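In this document, chain identifiers A, B, C, D and E correspond to the written order of the chains, with residue numbering beginning at 1 in each.
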Amino acid sequence: SGGSDNADGGDTGGEKSGEKSGEAAEGEPSGEQVLNITDSAEIPTMDPSLATDAVAFQWLGSTMDGLYRLGEDAELEPAIAKEHKVSEDALTWTFTLREDATWTNGDPVTAHDFVFAWQRAVNPETGSEYGPYMMNGVIKNAEAISSGEMPVEELGVKAVDDYTLEVQLEKPIPYFLSLTAFGTFLPLNQEFVEAQGDKFGLEANTILSNGPFKMTEWKHEEGWTLVKNEDYWDAEKVNLEKINVSVVKETSTRVNLYDSGEIDAAALSGEFVQQKAGSDELKVEEEPVLFYLKMNQQHEVLGNVNARKAIQMVINREDLVNVILANGSIPAVGDIPQNFVKHPETGEDFREINGPLIETNVEKAKELWAKALEEIGKDTVNLELLGGDSEVAKEMDAYLKAQLEQLEGLTVTVKPVPFKERLRLDTSMEYELQNAGWGPDYIDPNTFLNLWVTDGGNNKTGYSSEEYDALIEKANNEYATQPVKRFETFLEAEKMLIQEDAVIAPLYQRAVAKLWKPYVKGVITNPMGPDYTYKYAYIDKK
Amino acid sequence: MEKLLQVNNLKVSFDTYGGEVQAVRGVNFEVNKGETLAIVGESGSGKSVTTKALMRLIPQPPGRIKEGEILFEGKDLAKYSEKQMQKIRGKDISMIFQDPMTSLNPTMKIGNQIMEGLVKHQKMSKSQAKKRAIELMELVGLPDAANRVNQYPHQFSGGQRQRVVVAIALACNPKLLIADEPTTALDVTIQAQILELMKDIQKKTDSAIIFITHDLGVVANVADRVAVMYAGKIVEIGTVDEIFYNPKHPYTWGLLGSMPSLDSADDELYAIPGTPPDLLNPPKGDAFAARNEYAMKIDMEQEPPMFKVSDTHYAATWLLHENAPDIAPPPAIQRRMEKMSRDVQYQTKGDRP
Amino acid sequence: MSKEKLVEIKNLKQHFKTGRHSVVKAVDGLTFDIYKGETFGLVGESGCGKSTTGRTIIRLYDATDGEVIFGGENVHNKKNKADLKKFNREMQMIFQDPYASLNPRMKVEDIIAEGIDIHELVNSPQERKKRVHELLETVGLNKEHANRYPHEFSGGQRQRIGIARALAVKPSFIIADEPISALDVSIQAQVVNLMKQLQRENDLTYLFIAHDLSMVKYISDRIGVMYFGKLVELADADELYKHPMHPYTQSLLSAIPLPDPDYERNRVRKGYDPNQHDTSEEPEFREVRPNHWVLCTTKEMEHYKKEHATV
Amino acid sequence: MARYIFQRVLYMFLTLVLIATFSFFLMKMLPGTPLTMEDKLSETQKEIILEKYGLDDPVPIQYLKYMAGLAQGDLGISFQFDNREVTDIILSRIGPSMQLGAQALLIGTALGMLLGLISAIYHNGFLDYSSTFVAVIGKSIPSFIFAGLLQYYVGLKLGWFPVALWGTWEHTVLPTIALAMFPIAIAARFMRTEMLEVLGSDFIQTARAKGVNKFGVVFKHGVRNALIPLVTVMGPLAISLMTGTLVIEKIFAVPGIGEQFVISITTNDFPIIMGTTLFFSFFFVFIILVIDLLYGIIDPRIRLAEGEK
Amino acid sequence: MDNSKPSKDLFVPVDLKDSESERLTRPSLSFWQDSFNRLRKNFGAMAGIVVLLILILMAIFGPYMNKFDPYSQNLDHSFIPPKVPVLENIGWLGLDGVETAIIEGETVESAMTTVKLRMGPENAEFVETRVISEGGNGEPAKIEAKLDIYKAKNIETSYWFGTDSLGRDLWTRTWHGTRISLYIAFLAATIDMVIGVIYGGVSAYYGGRVDNYMQRVIEILVGIPNLVVVILMILIMDPGILSITIALTITGWISMARIIRGQVLKLKNQEFVLASQTLGAPDNRILKKHLIPNVTGLIVINTMFTIPSAIFFEAFLSFIGLGLPTPTASLGTLIDDGFNSLQTNPHVLIYPAIIISLIMVAFNVVADGLRDAFDPKMRE
């Protein structure tokens, strides 16, 4: 999920399972095909253009099909698109759509639905935040349209006929296909959407589905019910008859519900992982979501690279993941999570190749810090750390404070702020230190590394390096069609970012520990977009 | 005369933080059918406690009846269970309290409050009881009774409320009516009305009344016999004329002497000095001794027994002992005694000069 | 008795606003004089405005209308502090409730010395103490009591403390608002005797408010009878008892029980019906017999005169 | 009477207007906008979004518009739930909170009164001490601790009632109990002191002198009079239950308004914060009014005193 | 009747001194002494006072009673159960530093593996196990496992209340938190008291129009649910002890003001105040000598009730995430921390919960006791 700054615990990011479809092969659907699960928050909206958070994308993903969808092992599998062709210059993508897909109101799903949806997403009047964010610089003219300088019709997307969709890109985008599986790129039935007006996507009856499930009941804040969409083009592969979702926010409540058999899955916090250790129902799934300390370089001390390096080095990440998180999260030692992208040829993991870019060394950290203070000419420093608001945030903040304060002369004040307020402080760079996170919007190193280019929308550290900018630029333009070179450039960029310039202090790569009833099978976990794919899930209650 | 109630050696105590308060310390008296016995005495002398004990309404704890018999028509109420007492209360003995403002339930209709006893004791139906309630209200002189049964206490004036209280007490034609300062909270004119009302009704129903007050004027008005209480004991008891015109106990002298009479001369009132004793540890000897200007050595050491003055008149003071020196009562009392002998001589009635 | 007027009350009115539109006319046009050295008794049923009259005279309330002239000066015009202070020393009050009238948190010494402190009548703490001890003795208490708190005293003793407090500033006029009605019978005489004795010794003037008519008669030189905020009759004490004219007064007198069984056996109570009055004209306060004033119409006056011509 | 009610209602509205004003300007003092990703949006987009939320006007105009909307029951639209009307959100969330609050209030006061009665009747006896103890405990232990214990032991270990979630009446049992501890304590305390006072009063003596038995004395004469002061605290109690549900709602996963309120606070959803504040206030002044009227029903003295005006 | 004839020489008059009859026998007691005497006889209240004193002393000295400080972390020692020397020998207290768990498994062996995983493989040699049930017949096997963490981790010192997730000593943190909570509560109560007394006093004493307007203001303030106001105030102020305190007092003073007003209204028509007025006492004297001393009892009682509710409110705010910023410890934040591990590590929650409950109970009974002690109806 893009920009998941808040993805701090197993919470806001929805729930993840360690269930791999590998196990799916073992069983057979048997018994009542009903899945009872929880989510951690109410769905803000089911309008794909307006959706911004993980909960919304999760349930959009379950009820709708885009051009492609994420399958096992994050492989893209055809959905509404049967196949696609890419032009020589990699700028024109032509999708051939299947003809048997329909909306739940009986209308066929056509290329026009995509044109309408994408135009709607960048249309400034829609007020979409993700539309322009995902499409600007990707789809031709998106930027100009979203700033109102060009009519929406100019968007580089066109229905050649009912079942042929042609997309013009701004520049070659190697990962474009993975974008088409993202929620913002889902199709919309124009007639239906316009008929609902303001109410579109707000109630179960103001939603139109074309995916494996459809929402039949939506009790706000309490929960919702999805049932199998019998008209789905791939309906025979869908086993679950019903998914009942309840909103539960307390972990202990969730665990109690799970233990009492009322729900089939429960995400755990560290304390419960400990309690459930040894249970074969406990699954740990690592996610490509990275957490790090963001340091504002406009701050006199944090502008000093030695100071930043000291901060990188002083934190003990092992303790952090083992004791505080204790849910299978792993220490982060770079900007790219492990098991996220692989070398296009050797298939070696990005993380593996670059290895740990930082180490924990308190002595050295202290030296660097002393040096930094000397350079700046200060004895004591007070830094403000924006606190998080998740379940473990308090402990995490307390821990970071204690760790950082090992540096002589440093005092850290924790300032707890609501999530939205933190976003604002981030945007306006009115922070000194903050514990931030990032999850991929698409499967490509660019989604992480692109953040730190000069004036990047989510940079907000004040980091600006011509060299670094040049590397990213090169990877995305010059090497756009040369995967290996591109990959190597990214490797180089990460080293520069973390090792040389110490822009951020990576903390950990998140994992989610979750209890799954043994009879639930075939749930797929995704690294981006919707957290889970329930399309192939089934209940095996032999 | 037929004896209705006889109280023998009644003792009541309260257990408090400070210790045992001996509120009533051995009281003996009797009440005959149809007569009115007034009990006078200053605040805290045990008047209310005595009468509450008769009804067995002493809050328990902290209070308890320590000793004594309460023979009502020959049966000892002191030994009755709470259940048995509930049958007596309101039916054979009923009670009127001092303050008409607080002795009615503010949230219950007047009619219901009168009916309650009727339904309970006379086994009347609701409608019968209501009819009777209206009659009773008319009996005590409340106009427009049929409408007013449905009103609440606050819609009545003080005097009217006290009439309602009387009506409640009279509902079941009790044999004994105990009135604990029933007019103290009222204006003189209204007080006079209520007193008249009570006398009237007594004439009609022939019930006995124990009337508690500290107003000697009221006593003179209502009583046939008078008992004077001091510090938890009856110190003098006799007919109303005996007490008013031939008092023997110095405390009674004090009481009478401290009231100016309308025709008395302008001289100083007779005041009892000091304050009543603390019943937590009552003094040795005569409890009144410390305030008694005629006190003798023996008063400090020994409690005086009841000395008989006449068949109906007794007083507990050593002054009546044969060895006691002759003592002249205060002038105000002497005047009263003179008047008595004058009256006896002339047997005159009617207007006095 | 000298006939020097100490207090003149002229058409005194005290109306309380109790709601937006409702007004209680607690005192509604009182006119009477109090002579130096006398005791003026004020009687009437509960709520007729006796206390209000007393409190208005001593300026606890600002009068709605009318004047109170004390020693030749209008009390209610006094504005400056010094004048007020002087006035406060001249006129004092004794209250009804011996429990509510003493501050439970102050020692007796400080209660009695309050006036002394306010008016700075002594120069040293020793002198203050001495004065307090004197006052305690005057009211029949002793100096050990000075260090005690009010709740340790009986009702009669408290009332005497209240009197000592009033005496501390050596007033010439004392308003006693039902000073004995909350006391036990045996104690009442103590207080009344004390008041009489003090009057003799200090040449005091009293306004004695009560509803116990026998006591009022005993202590008062002249008596005013109040009914619903108005004075209905005013006369010398003996005269009033011998010749009550206003039907309300007659009713009141006939209702007082006396500690005399003989008398009580023969007592006839008179009722009072406010509607029995002649309504042909506004009643006025008229002198029916010398120094005997009654609220009546001319017609009624004739009638009263006739009835009480003898004696 | 009508006049009195009219006056009270007038006050009620005045209060609400002041609260609305107060909270409106308070909200304006808080940092934050409805935009999640401000800098990723173009100017045009920002404008359009701000316009949607009516944030493009100067503050005084915004205020007037808000008040005008308020008069028509329109509380604006939520920041976090795009396009959803605050009024709808509040109305859809209010049900569970109301139900829990009302149940806890009713059960709590009923039980508390019973405890208080027992205390008063067996004054200074074992039962008195025990029920006083229960009351003190109920008042002293935070409801969220109760909630956690109830959920774990009664819900999970004993399995008597559902652990959490919302739906059937069984789901309301545990949260209601957790929530009812406080009213139980308050009602028991009030009932005890008032009942003791009433039992010591003269009219109870009168009743006993009539031969009324203990039961009749307590229930026919005592309770109603002892109830009057209890009614006074019912108002604040009701509202504290309504707002107090928020922790309980979180623990038992109840879709109530309290929960929503807290979320709105942590997400800077001003329209909902405002709306909920106003709603709570409205509810509060309304309850106070109802309580005052209830007074009259219980206590005839008050009924008439006002009727005569 | 008495038959023994009293001797003749007793019948001689005695001379009673007048003063004799006015003698007061009981020792002189001021209102406060008197109240205190009554309070002393109230067992509950005295127990409450003792508990409070102990808690306050502990809040002051508790954090210094061992070598830990409330903030220092030791992740190695995370979630160590409590252990108290001496008391560790009393089994049911659970203060022996031993972690006990009952583990189920299909067979005894599988349960044993679970035990190992649960207790941590590295601690295996320190785990004592006892088979409760062998299982079979559809019944799971049950094993009771005991791990002496102190031995396993070779911890020399004892953590009396155990440690939290960051290995901070809970004894120190709990007493430190008690200190902060009490501080907030006392501060809030004091501010409430000052504002409430002044507002209520002025409103009642000046009466009339002033009173009318001041009461309207209160009426409106009362219409605002205080939770809402407190939360709004917290939102606009930076979180911290002072802002929480201020937020608590924003509406907290109202009840005090109302009570004081009622009392002063009653008092100012009391005859002793009138008496003072007739003596010419100026306003400030009446306030100082008559009104204030007579409302102090009420102020004390009301303050005693304010304190626990302030503590409670702080806990509540912490619980909904609006409390003090990390890592400050207050009872509220400690309970909030502990709540998450209620089922896994109950010791984190139990001690602060017990202490907050003790404080609440103690203040409530003491306040009740004071009310009885000050109540004039209870006198004599």
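To be clear about the criterion, a contact is a pair of C-beta atoms (placed from the backbone, for glycine too) under 8 Å apart; a residue touches a chain by one contact, two chains touch by 3 or more.
Predicted, not measured: the structure shown is a model, and the values here were computed from it.
Listed by label, the chains touching subunit C and subunit E alike are B.
Counting hops only between chains that touch, subunit A reaches subunit D in a minimum of 1.
A comparison of C-alpha centroids places D closest to the centre of the full protein. Chain centres here are Cα averages; for subunit B and subunit C they lie 32 Å apart. Centroid to centroid, with C-alpha atoms defining each point, subunit B and subunit E lie 52 Å apart. Here the spacing of subunit A and subunit C, counted between their Cα centres, is 91 Å. Averaging Cα coordinates per chain places subunit D and subunit E 24 Å apart. In subunit A, the residues that touch at least two other chains are 252, 389. Each of the following residues of subunit D touches two or more other chains: 148, 152, 250, 265-266. Of all residues in subunit E, those that touch two or more other chains are 18, 22, 321, 339, 342-343. Listed by label, the pairs of touching chains are A-D, A-E, B-C, B-D, B-E, C-E, D-E.
Interface of subunit D with subunit E (complex): residues 11-12, 14-16, 18-19, 22-23, 26, 29-30, 136-137, 139-142, 144-145, 148-149, 152, 239-240, 243-244, 246-247, 250, 261-262, 265-266, 273, 276-277, 280-281, 284-285, 288.
Against subunit C, the residues of subunit E that register as touching in their complex are 18-19, 22, 24, 26, 28-31, 34, 270-272, 274-282, 285, 289-290, 293-294, 376, 379-380. The residues of subunit C lying in touch with subunit E in their complex are 55, 58, 60, 84-85, 87-89, 91-93, 95-97, 100-107, 110-111, 114-115, 118-119, 140-142, 144-145, 147-149, 151-153, 157, 162, 165-166, 169. Residues 1-2, 6, 8-14, 16, 18, 20-22, 25, 38, 41 of subunit E are the ones touching subunit B in the complex. The part of subunit D that touches subunit A in the complex is made up of residues 31-33, 35-45, 48-49, 52, 80-84, 89, 92-93, 96, 148, 151-152, 155-156, 159, 162-166, 250-253, 255-256, 259-260, 263, 265-268.
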